[in-house]
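Listed next: structures, encoded as structure tokens.
Both complexes below contain chain A, partnered by chain B and then by chain C.
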Partner chain A sequence: MTQPKEIFVITDRCVGCRTCTIACAVAHSASRTLFGAVAETPRPKSRIYVEWAAPAHKVPLVCRHCEDAPCMHACISGAIRRTDDGVVITDTDKCIGCWTCVMVCPYGVIGRDLERHKAYRCDRCQDRDIPACVAACPTGALVYQTVPAYAADVRRHASGEMVKGKGS
Partner chain B sequence: MDSAEAYVIVGGSAAGMAAAQAIRERDPAAGITVLSEEADAPYFRPLIPYLVSGRKQAREMTLAGSGPYTGRDIQVWTEARVTAVDCKGQRVTLADGRQLGYGKVLFATGSRPFLPPEIKGTDTEGVFALRTLADARRMARRVEATRRAVMLGGGLLNLKAAFALLERGIRVTLVVFSPEVLSQLMDPEDALLIRRALDRAGLEIRTGAAARTILGDGSGVRAVGLDDGTEIECQMVCIGKGVRPNMEFLAGSGVRIGGGIVADRFTACNQPNTFAAGDVAVTYEPVSGRPIMTALWTNAVEMGRCAGLNMAGVPTAYTGTFGILNATQVADMPFVSMGTVHTGGLDFQIYRHASANAYRKLVFDPEGRRLMGAVLVGDIANAGIYRYLIREKRDISAVKRQIVNHQLHYGHLLPN
Partner chain C sequence: MAVTDDILEKSIDPTVHQMLARARDLGLETVWDRYEKMLPECGFGELGVCCRNCNMGPCRISPFEDQGPQRGICGATADIIVARNLIRMIAGGAAAHSDHGRDLAHTLLLTAEGKGGGYEIKDEVKLAALAKEYGIATENRAKEDIALDLAKAVYAEFGRQEGFVRFTRRAPAKRVAQWQKMGIDPRGIDREIVEIMHRTHIGVDNDPVNLILQGLKASIADGWGGSMIATEISDVLFGTPTPVRSTANLGVLKEDEVNIVAHGHEPVLSEMILAAAADPDLVARAKALGAKGINVVGMCCTGNEIIMRHGIPLAGNFMQQELAVITGAVEAMIVDVQCIMPALGSLCECFHTRFISTSYKAKFPGAVHIQFSEEKALDIAKQIVKVAVENYPRRVQDKVFIPDEKTECMVGFSTEAVVKALGGTLDPLLDAIKSGAVRGIAGVVGCNNPKIKHDHGHVALVRELIKNNVLVVTTGCNAIACAKAGLMLPEAAADAGEGLSGVCQALGVPPVLHMGSCVDISRILATCAAVANALGVDISDLPVAGAAPEWMSEKAVSIGAYVVSSGIFTVLGTVPPVLGGPLVTDILTRGAEDVVGAVFAVETDPVKGAGLMIAHIDRKRAGLGI
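Right, the complex of A and B next:
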């Protein structure tokens, strides 16, 4: 199996424009278009959240699809499972809306659809090559990479910074 | 001895099946046999009220293949009740006389409903304590002959059963000895919004009352007699008065018992190659360090997984659990209750906030540096972050304002 890609967040680059949240909601709407999505009831919901922390940090938050996912083990109805790609998904048909997953998620990224009485979360856009939030982010704050590739990028960037530091 | 297996798990519910799955994840080939005394293959026990309401069929509750329970070749023996354990010979004996040897054994026999002996007539037809799928089937059948049901006990299990019956069009009266429902999960004043939601949903509630007798006739239950002398005419009674651990089969085995089966930090019992997990095990509160027993699916899974890892040779300390760790929705009101939530007369810093649709109570230590417990009603967003802070005993001074105002998010916990 090839290493699955994950969504990485570079908080320094986030300007808090929330383009990702709109793209996510549209990608999870019935019509898949912005104009269609805003008219739908219940209103399509974003699975990614952009929070603000003082003094000026913008923090995009999205399901980490944890390796030892607390939500999956805590679920009392067997609604949460991991796909072969490592994506933790909530089976809406099985979900009974008991919110146990919400109670155990340490990132606070499982949403509650009150109209349907179901929990929802990032599914990494299973039907797209690149998740909608990543594709839409205008500043490169969201990166869709495998762990080794992302780690290599971070190393390259850090070593570049170190070399620059010596040169000055 | 008839046969032997590397791993024998006594009990086929949350803790036992989570352990079997954890062992399988570490050891793809080892023999694993689960012994369950129930006739049904393992299922998601918390779903059984849905069989009564008719929302789900039994086959939709099957555990194997659902959620994380995908491990292959986990043998499950149903109707296999263990009656004795020989720790020296490393084998268990079943009720039908069969014996099974083990390399390592897990005791995950769970608990059973407690039927208060002071209530007379609990053996009358139409009296239930909803615990197993078989109970749920019997209860669903009795619904046909039931116009009114009386629930004894105001805990979560009974509330869920009550709603299942309401959905079936039955008039339901909840009789609670405590001054308010859910008294195990919150103080009475914290339950106001939930009480209102229950009232709106049409549940009749009588607090401060206790049942004395269950009266029957040829067709089963006909009434419940209360301690104030009144009688409530009904055709069904459901008892939700807590549970007791199933550990009688360990008599004479040498396995140490103390309220429940005593397990160490690595879920091991005092005899070689024996482990315990779930409702039947005594565990520890991480906040207070006190020994506790809980009867929660989520806790049982967590401890079962931990035991499975230890059995498979991956030493894993069990960090203990909160005595209270509940999330659910009753009627249209979601709530979460976790950690230290009963604060009457105790020295804590407490913040309460009430609005028309939401209520929260946050309990801090006397110095106000650690979060000890939380009750969130109506708005339960980000409850998992609070759980994390309570469990890790984090110094929350820097984010206390956000906690009190219920604005905390994960971003606040990141280093600046």
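Right, the complex of A and C next:
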């Protein structure tokens, strides 16, 4: 089975510009354009958040689509399921707006849509090859990769660090 | 060298296609590549909702309601931030145009004092007319004495604290009265720009409407002040343009001559470069080095200034500056100020081209700086031309590729030249407008911008206008686009509607009239004022419209603001960074009607943009009962 890709965050690279939040909202708008999105009612919503880990780090946070997803287990109406691609999604027809998913989510990345009275979250941009937030990030802080490929990158970097200064 | 589909999408100009394919082969980067690397551009910036005016921030307002902050740290709303940013753009643009005007006033002053290193007063008729406007005595006085008084008078406009800027009174009395009523009649040129910087400082003006009014005020000081001074004094020193034929596009570069590209804006430098390039010693030296001569060509508005006064060929507009270097045939790219890409430095290092900066205000990485001074103008110009000539043997023939494309054009339609072409009075034009042969007049101006297919915005919009019998007057990079597209020939009347075509054929003029550089939009204002005065109406009553199909610079924002402030409906072809402020957007597109009798519209499709202008022209015709 091919490995699904995940959105990884390289926290050292985030400058806190929030470009990802705009790209996310636009990707979830009716017009799919920025100038159109700002004129829409209700306004489209971003599903990615940028938090500040004082004093030096800015951290983009987005649904991790956990393998053992607490939200999915906790959902009382059975609205949350996993797709064949491994993406955890909320079926808005079934969602009753009880916010149990918000209570159990360890990342706090589930939002409340006040107009529709439903929970919303990252859907990994099902109609795009690369999620909009990743494509928009100007510093490469967001990476869309499979776990083995991302881990291999980390290993390569770590091994370089380990032998640094030891000569060849 | 392959012209691929993606290259064809970047421009309508065949020289651009060829040069981009060439750049790709050579592994060279251009403005189009850098634009693509920049995508997606920052949405906060596109909406105008980021503020860096104090160090509590930077702040940005989330355009999406329940995400992120809704006010800056000081409490500024999106509309306050958008308005502050917008008028700071106007300040930048008005400062650039007006400093250009100041340099001309300075040159006139030195020339009058006998300290100008080679300049002379070429148009005494205009000198006398301007002196009269300023109440300066002319009878039995030497032209230098009149020029000295005029130079001091226009110089004083910049630092004036109270009163009004003289040339604003060329506008119809009704227009001036409206400006006064709204508190936007500028007191001086520099003062209004400085006041924008004050008002947009943390904790000063936080009323979006009040901020925008000050922006309009400063823009009027540009269009009817700094820019108009630049135009008028240039005419006094270098001659008022009259129709002249020339050629435009990269094919004006020559394989067997020393090629000098004069790029930037102010004719103070380029006029002297032309004089120096005609110096017999330098021409002889060029020949001794194997060249057949010295070929000076223009780029951007410097190109407009010298083509309309001397018929010097035009190499291209803003997006073609790098492409000129990539021909490998340019010995020197000589620049002064404005719209000069810093990318030229590293690009010139890939070729033998000398990149020569000349203004202490504008230095560039990779450039050789030869400081220009008006007092020793001709001597320094010769020194600069000599660098180009001596560089000729370093040209690498294998690297030379000059597209053979160039187009004939007829340029140089100053207001005076238009009146002369009409037989000495505006009446034939007024009659043609009244009869409907000429439906109206459109001023189409502005830059290039990689956000829109190069020259497509300009040419498609202009073609649609003339097809519908709208006479087009143009300056800046639009003028260059039209020249390259063959629209500035009397024969282009064939592309115009029947009425306009007949008028053009009767007068022997093109349907698209070249009025000059970007400061020469003041000529368009002056022409509109003359027409309105002749009809006894305000400019906002006239069947006229403006457009900036490919605009990008702060100068263009100031231009748009003063054109609308003058009562002329204006269509922008790229979206200004204001949509994050709903109130500001509403003021610009609707509310301004009550203040200045005109509004902005944004339309990225040039044909639809022309449609908006034509519909506006028709409404104004109905209003006049014609």
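Quick note on the criterion: the second predicted complex is superposed on the first by the 163 of 168 C-alpha atoms of A that agree within 3 Å, B and C clash if a C-alpha of one lies under 4 Å from a C-alpha of the other, contacts with A are read in each partner's own complex, and residues count from 1 in each chain.
We adopt the following convention: a residue touches a chain if its C-beta (ideal position, glycine included) is under 8 Å from a C-beta of that chain, and two chains touch if they have at least 3 such contacts.
In this text the structure is predicted, and so the values were computed from the model without any measurement.
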| item | value |
| --- | --- |
| Joint occupancy of chain A by chain B and chain C, clash or fit | fit |
| Superposed model, angle subtended at chain A by chain C and chain B (C-alpha, nearest 10 degrees) | 140 |
| Chain B versus chain C as contact partner of A:Pro44, first or second or both or neither | second |
| Contacts of A:Gly108 with chain B and chain C, given as first, second, both or neither | first |
| Partner chain(s) touched by A:Cys122 [first = chain B, second = chain C, both, neither] | neither |
| Chain B versus chain C as contact partner of A:Met72, first or second or both or neither | first |
| Residues of chain A touched, compared between chain B and chain C (which is higher) | B |
| Contacts of A:Gly97 with chain B and chain C, given as first, second, both or neither | first |
| Shortest span in Å between Cα atoms of chain B and of chain C, once chain A is used as the common reference | 12 |
| On chain A, the residue positions that both chain B and chain C contact, one per complex | none |
| In the complex, chain B residues that touch chain A | 18, 44, 46-47, 50, 60, 63, 66-70, 297-298, 301-302, 305, 325-329, 334, 336, 338, 380-385, 387-388, 409-412, 414, 416 |
| Sites on chain C touched by chain A in the complex | 40, 42-44, 46-47, 60, 62-68, 575, 579-580 |
| Interface residues, chain A side, partner chain C - complex | 17-19, 21-23, 25-26, 34-35, 37-39, 42-46, 111, 114, 135-136, 138 |
| In the complex with chain B, residue positions of chain A that touch it | 11, 49, 51-53, 57, 59, 61, 70, 72-82, 94, 96-100, 102-110, 112, 117 |
